[in-house]
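Both complexes below contain subunit A, partnered by subunit B and then by subunit C.
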Partner chain A sequence: MSSPSAPHDERGNAARRSRRSDRTFLICFSVLAGSYLLLLVSTLVADLFYTSPGHLWRALQSAEIRYAIRLSLLSCTLTALLSLWVAVPIAYLMARLKFPGKGLVDALLDIPIVLPPLVIGLSLLILFQTPPGRAVERWVPVTYAVPSVILAQFMVACAFAVRTLRATFDQISPRHEQVALTLGCSRSQAFWMVILPEARRGVLTAGTLAWARALGEFGPILVFSGATRFKTEVLSTTVFLELSVGNLEAAVAVSLLMVAAAVAVLLLIRTQGLESALGRPL
Partner chain B sequence: MNPARKIVAGSLLAIVVLTALLFWNPRNRPSEAARRPLLVYCAAGLKGPVETVAREYEQLTGVSVQLQFGGSGLLLNNLRVARRGDLFLAADNSFLDAARSNGVLAEVIPLARMTPVIAVPRGNPRKITSLRDLQRPDVQIAYANPEATAIGRVTQQALERSGDWAAIQPRIKVLKPTVNDVANDVKLGTVDAGILWDATVAQYPELEAVHAPELDGSVGEVGVGVLTFCDQPAEALKFARFLGARDRGLPVFAQAGFSVVEGDVWRERPEVVLYSGGVNRVAIEETVRLFEQREGVTVNRIYNGCGILTAQIRAGQRPDAYFACDVSFMTNVASHFGPSRELADTRMVILTAPGNPKGLRSLADLARPGLALGVANEQQSALGALTVRLLRSEGLLSNVMANVRVQTPTADLLVNQLRTGSLDAVLVYGANASGVKGVLDAVELPQPQALAVQPYAVGRTSEHGQLMTRFLEDLRSPASRQRFEQAGFHWRDVTPTP
Partner chain C sequence: MISLERVTVGVGRFELREISFSLRSGAYGVLMGRTGSGKTTLLEAICGLRPVRAGRIRLQDQDVTDLPPAARGIGFVPQEGALFGHLTVRQHLEFALVIRRWDPERIRVRVGELAEWLGLEALLDRVPQGLSGGETQRVALGRALSFQPGILCLDEPLSALDDESRADICTVLEGVRTRTGVTVLHITHNLAEAERLADTLLRLHHGSIDIQIPPASR
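Showing the complex of A and B:
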């Protein structure tokens, strides 16, 4: 058995060292990542200990809460779809066009993200007391009615969808689009056939983010829609109502229902989502 | 179909379907469309009893009651901006006061009174039995923010008076924006104790109240107020009356741990009896009519000479309220009524034919022989009694009475007889003469005994005491004052509405 040559030995040591440092790196990252996950899971477990199957069952039995679940799921999905329909053009235009005042528009688009949610609700309430607002109300009652829930959710959710899609379109190289254009595509054909398929992951993320934001939305809804049972009460307001009368157990039970609904829907979208619509795996 | 079209068509279809599902509410019954729903802003802390009462009311009347819950302060902000809705049920009177000073609140129907207590976890693990124990260094308390809440404000004042505030202040671990936040802190064990309304503690089975005599004077009130922009006041007040009825809403509140006020008896359309001196009729008639319309009630008004009215009361008649022509006709039946409030006064006048042909300038002139005079009946009316009292004090009674041709139970009969020319002069209230200004001449009498003061009081045994107290508030309003002054009365109720 010949002794290994010195340079070879050094290379092996270096490889081992680098493998070891790789391991340390991954462990460090896993610990950091795990600490957050641990925090998330332990809050859920703590929640579970604060309630009982009885409370969960009673929450599910209550007609008010079933209505709130239905309204929450329907309104969030509608909000997410509407947000995408508005956010895709906004993000595309902002990524592709240069125009004076673009910085200002960019800042405007961030307003719903920066403003305290209560202020958004209050602003909507004020808007619908102005003459044009009142004119709209004559045709479709908005304030304190179901459309106000959608509008309040949309205001915030759309801003998040725009942010996400903006990053997506910024990352897609304009070259592909230009190639499509030189090959005889119209701008719209290029968008639908080249850009959108490329952006599908971003669109999906934007949609789920909008959906999740809408589900958790609470401040603007409380102000602009109220919390009328069987009318504008969504799950987040149910939690608030139960909390405000000190019924922590029921509040936690409803929160857990929200968590379950959110996880189920997010998983479903991630696995099915646009994949089926586009006819190819992500 | 290419994938892009599929996405567009699919998502548009989804939007349509979702919208349809949202607007198709299986609970919307057709009967609800016929009657407009009531929008009630309700403090979240009152949710339990109010929901129960509202459901009962919906079943009874078919009117849907939409309850909007939230913190009282938040609701107040909302309704001020939205300027719509019918009723506001606040957690305590501070919010009703704030709503009134913002000009958004009309009538208030009281529901319950609350007293501050020390709240501790059930079983009282820290053995807190008095305010003194709250000053122990091992005790931490949560306190409702005195700037944002009524309980914080009134208890701070009470503790400052009792000299405990300086010692308790260092024990305050946290200031919370609402009483429910304080209650939740005590419930969770974040603090050892808090100061809460007794009614709030009663809603938490995990909490126990420790009575502190120092805090007894600082009562809070739960009430439901009608919003000024409510455009269906009769419907709103009907539900408010239901909430505040001693046989409907109040027992539900009592069961939830509130010490309720003495409310009215529930009637879908209450019918009340108002006794009023004849002289007051012109001044109050319009106010009564508007009150009936707004409240959706029937007020049976009995106008007559106050002597006749008090005789009926002594005979066992129990009007829901009584508006006397003079305090002397209130004192003799005062035991049947609550505290009375003096609203207006009027001075007696000598009313003569146009131009005063007989030159009657003073009471003494009425003693001249050969005059034909009319006065009110002493037994039947306050005016008659006042007339006799006045003449006697001037030493003119027998001489003037010798000229009296007619005595009537009310003054308006005298005015009519004077106008027909059958009398030279009559002794009536200035208020009686306001309708005939320019047609007849009036000479005002300066004597202190010539002043009649009109008090209003609510029947002690009335089943609609709250309703009649609200009518008093209407009588005290600026619009009513104007009607009194137009009718020749002098306004007396100068203290501002509380």
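Showing the complex of A and C:
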């Protein structure tokens, strides 16, 4: 006959095994997650130690870099506004309408996200060599000029804005719009008075992400706009140009400026609690 | 008055064919039926939110089949209230009146009346987040009645409420009929609620409507 305490001991052992297994699982995941975070933080710390306030100050004094900062701020802001202008209607229509070929349109909208950046630049370059592209160039010089910087940034940034806003509009129940219609609104009044105000956080997130994405754009700008100082040089091009002439200190200093801008954008998004508008943490 | 004449309406492959019924002016009609029987689809068709495939819809003796929702004069209260997250309770009550360009003094008076009747005075400057289920439905009801519509459509407005709030809103709905004379079409699954409120009971099953007059209303 077995001891009366045997089932009790068995349950205790099973509980211990379960706790050990849970602990091992969590430790394994924490190590993997921690290693990636460590890599991220290490690169930032390495950048910080490589440079000094003197390098940063000299970088900020350079006329070329000041031009690049100005052009970056201007082009990123215009790109973000342009992206929102286009992404709001696209995302709204995609969230609300059902039509044949919607899956195809959805896939097309993601092309700038999955395409290699250099290919986007090359495609834009080729587009402006076609007869319609040349016709536009006769009126407004685009290729290797400032508009090409904005267009190259817009191609990618707009796709991210569309994705963000699509998630936002998907989350707003069509019932809200329907109630507004019964209350006397036309479709456009329902959009401007109900849907867009309810999507305001998503719109701000999309604009901020588009701005940050535009700031980091390099490949399409290099191909489509070139890297001409005092003309089409933005901060990402500055890093490349400074590296190519062996001025690593200036390249790192400019990189840190971009890191600071990116962190500021992320902080802005977090403090606004905008991840809730996306339905997921950013 | 709500009158449907051989109305066919559907969503995808689901279709309600040739539905006909009539609800006299000032009646309180309760529409019952199994889940998925098409009650909400029918209500949406009446509100103009879903196009009908055939038949005519008449409201207050006017053919509204081809009119947009805004022109039908229907107050609509959906199941979950669907309050607008960026507006205060006061702005909800003002919404339809601002759209209709009422003058500010008239809007102020109307909002005051509604707030007093529905017990919303203390909530006027609150936003929907944080309102209880009963408060949400009171605001949704006030918003729907603000512009004095001839028809009120309620899509299971009590289904998400606790017993106390349910009884409370039932009392408010009883008051709606006596106070406004509006024609009400109310969807519910709850027989007790239907017997308490309805003077005309509409049962939707197998794609057709049976009309019953509850004994209390005869």
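Criterion: the second predicted complex is superposed on the first by the 218 of 282 C-alpha atoms of A that agree within 3 Å, B and C clash if a C-alpha of one lies under 4 Å from a C-alpha of the other, contacts with A are read in each partner's own complex, and residues count from 1 in each chain.
The rule is simple: a contact is a pair of C-beta atoms (placed from the backbone, for glycine too) under 8 Å apart; a residue touches a chain by one contact, two chains touch by 3 or more.
As the structure is a computational prediction, the values presented were derived from the model and not from experiment.
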Applying the touch criterion given at the start, work out whether A:Q178 contacts subunit B, subunit C, both or neither, answering first, second, both or neither. second
Would you sort A:A91 into first (subunit B), second (subunit C), both or neither based on which partner it touches? neither
Winner on subunit A touched-residue count between subunit B and subunit C: chain B
Contact-wise, after the overlay, does A:L82 reach subunit B, subunit C, both or neither (first, second, both, neither)? first
Using the superposition on chain A described above, determine whether A:A227 touches subunit B (first), subunit C (second), both, or neither. first
Touching A:P197 in the superposition: subunit B (first), subunit C (second), both, neither? both
Give one of first, second, both or neither to describe whether A:A157 is in contact with subunit B, with subunit C, with both, or with none. neither
Is A:V146 touching anything from subunit B or subunit C once the two structures are fitted on A? First, second, both or neither. first
Subunit A residues contacting subunit B in one complex and subunit C in the other 193, 197
Residues of subunit C touching subunit A in the complex: 44, 47-49, 68-70, 72, 74-76, 78, 80, 82, 84-86, 95-96, 99-100, 143-144, 147
Going by the contact rule set out above, which residues of subunit A touch subunit B in the complex? 67, 71, 74-75, 77-78, 81-82, 84-85, 122, 125-126, 129, 143-144, 146, 150, 192-193, 196-197, 222-223, 226-231, 240-241, 243-246, 248, 274, 277-279
In their shared complex, at which residues does subunit B touch subunit A? 2-7, 10-11, 14-15, 18-19, 21-23, 25, 27, 39, 44-45, 47-48, 51, 66-71, 74, 77-78, 81-84, 178, 180, 183-184, 187-188, 203-204
In the complex, subunit A residues that touch subunit C: 173, 175-176, 178-186, 189, 193-194, 197-198, 200
